[in-house]
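Below you'll find the structures, each written out as structure tokens.
Same chain, two partners: chain A is paired with chain B first, then with chain C.
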Partner chain A sequence: MLKVNQLSKKFKENVIFSQVSFAVEPGQLVHISGENGSGKSTLFKVITGLLAPDAGSTTIDSGDVIGALIENPGFLEYETAMTNLKFLADLSHDFNRTRIMELMQQFELDPNNRQAVSKYSVGMRQKLGIIQAVMENQNIVLLDEPTRGLDSDSVAQFIVLLHNLVQANKSVVVASHDHVEGLNYDHAFVLKDGYLQDE
Partner chain B sequence: MKISTKSIVPPWQYAVVLALAAFVGIWSLLTNSEHLDIIATLISRHLSVLISQSLLLVLIMWQVLTYKSMTILIGVRHKSSWMQRKLFWLVLTEVSLYFAVYYSLFIFSGVNFFSDGTASMGSIILVLRYLVMLGLGVLLVGSYRFQRPGVLMLAALLLNFFDHYWLEGQYLLIMYSPIYDPLYRAIHHIYRG
Partner chain C sequence: MNRKLVFTGYSLIVLGLFLLVPRSFPNILPKAYAGLLFGYQERPFFLMIFSLFDVFFDYVSLTVPQAELFSIRTFFLIRRPSVSQVYGTYLRFILPYFIPFVLSKLVALLIWPQAQIGVWIVFYILVWLAWLLANLNRRVAIPNGFILVVFAGLRVLGHLWL
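Here is the complex of A and B:
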């Protein structure tokens, strides 16, 4: 379970968000909407520990693992998709070849493709970003603008993936500036003027 | 299907370090065969600083930037410190490898090491050159987190030149032997070597 308690963050005098609180239970799908620059990515960076909050805290249950897609994911540009995913999974000592191949096939990426990631389109890179966020069986998944660059078929595959994650009792938070048709959220918030409000 | 494992440093990159050190070491020996003092051959020459040490710094920077693009994905997995430790080891390994080859080419050429000056000062100069490059390599590892890696790259290259042309050229080499003192050279009509 993810609990965000009174998180605040500012850069110098620029307040990004204040007193943000919410909780995500296992098996829940939560949406945070907000305009570009409203602080969604920064919120995810604070939740994942990439940035320190100015106030507040984030707590997860013992044994919980957070997976995240934040901003445009960067990769080892001259390596293949599979090598990139293996490198990341090996960091957590949790490389599951079968699961990664299933995820790649689900998103119509060829696991045997020898092409370097630098040759990938925006949509293909985005799919890789989504896969790395869930491939190690992370049970809290944060996805920032996950449908950016995806075509309609890929969005449909993404929706199926989210349903599977929720059914597998994982906590999923999607942040986007728009709504993805076909997704039913358990909670929907809007991040506006630095405050998180019920939508 | 065989999935390749991405090692932090592929073996060919070590080969590049070896080639840089071997090239400049052999060049120094061949072009300074009349004056075989280790400091005169390896330290007072400019080529190693201008070319091979600069290229070594660029190689280190490129290796650091390779992983910088993944800082978020690595950070989410709480492996940022681990990654930086790996990069520190990479710098230590490559700089040590470079100087081991560069220095040992002279050492195994079978001549007196310090014919122009004292062994103690000569040793200090050799060790200091190694430590300066090690420090510059560690500075470049800072690019993993620093927002402006270009600034660090420029600083490392300038400090590399500063160490050679100012610290060594103006002070350390003269402390090692008076033949590096311009006045001494003029009085004794030493114009090269």
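Here is the complex of A and C:
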């Protein structure tokens, strides 16, 4: 379970968000909407520990593992997709080739493609970013603008993936400036003027 | 193309040029020959070209893996790896770049096995590792041009002291 308690963040005098609180139970799908620059990515960075909050805290249960896709995904640009995914999975000693191949095939990425990731399109990179966020069975999944650059078939696959994650009792938070048709959220928030409100 | 292969190819070109030096300059002293790997020569032309290739070799041996690791840094840190996991993973990734760099300096010991060469080798290795670790611990990458200036500066020091 993910609990966000009164999180605040500012850069110098620029307040990004204040007193943001929400919780995501296992098996819940939550949406955070907001215009570009509203602070969604920064919120995810604070939740994942990439940035320190000015106030507040984030708590997860013992044994919970966070997976996240935040902003434009960066990779080992001159390595293959599989090498990149193995590089990341090896960190947690949880490289499961079979699962990764299934995820890649689900998103119509060829696991045996020897092309460097630098040659990938925006959509292909996005798919790879989504895969790395879930491939180690992370049970809290944060996805920032996950459908950016995806074609309609890939969006459909993404929706199937999210349904599977929720059914597998994962906590999923999607942040995007628009709504993805076909997704039913348990909670929907909007981040506006630095405050998180019910939509 | 895979950068490790490109880098390996470049390493072999630099090695080939280095091995050609005694053929072009049969009377070169061992100290001067070994010193080419740490300093520079502005003349004759062939040695200047080798010096430039070798400075660039030092530079790319560091900046290529550094840029790659910096690029994937966000996904890396989200996983909250332990210190040992971080360095273990980094080490595996940088070895194809670090080993040729170290070997290229160790060659100097075969040519002129003196303590001061050993000191320079250790110094170069420490600078290389310090740059890598310093950059990976920063939120903003250190400009590559700055790294090139430092490596060029090291060559000036090597030229003066060796």
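Everything below uses one rule, namely that the second predicted complex is superposed on the first by the 199 of 199 C-alpha atoms of A that agree within 3 Å, B and C clash if a C-alpha of one lies under 4 Å from a C-alpha of the other, contacts with A are read in each partner's own complex, and residues count from 1 in each chain.
Keep this in mind: contacts are C-beta pairs under 8 Å (C-beta built on N, C-alpha and C of every residue); 3 or more make two chains touch, one makes a residue touch a chain.
Here the structure is a predicted model, which means the values were calculated and not measured.
Partners chain B and chain C, once the complexes are superposed on chain A, run into each other and clash. By the touch criterion stated above, A:Met104 is placed in contact with neither chain B nor chain C.
Judged by the touch definition given at the top, the superposed model places A:Leu191 against neither chain B nor chain C. In the superposed model, A:Gly67 makes contact with both chain B and chain C. When the two complexes are overlaid on their common chain A, residue A:Leu91 makes contact with chain B and with chain C alike. Legend: residue contacts after superposition of the two complexes on their common chain; A:Ala116 is shown touching chain C, with no touch to chain B.
With both structures placed on the common chain, the touch criterion links A:Phe75 to chain B and to chain C.
Judged by the document's definition of touching, chain A residues 48-50, 66-68, 70-71, 73-77, 79, 84, 87-88, 90-92, 132 lie at the interface with chain B and also at the interface with chain C. Note for the complex: chain A touches chain C at residues 48-50, 66-68, 70-71, 73-79, 84, 87-88, 90-92, 116, 129, 132.
Listed in rising order, the residues of chain C touching chain A in the complex are 1-4, 67-69, 71-81, 85, 89, 93. Residue ranges of chain A in contact with chain B, taken from their complex: 45, 48-50, 66-68, 70-71, 73-77, 79-80, 82-84, 86-88, 90-92, 97, 111-112, 132.
Chain B contributes residues 1, 3-6, 66-79, 82 to its touches with chain A in the complex.
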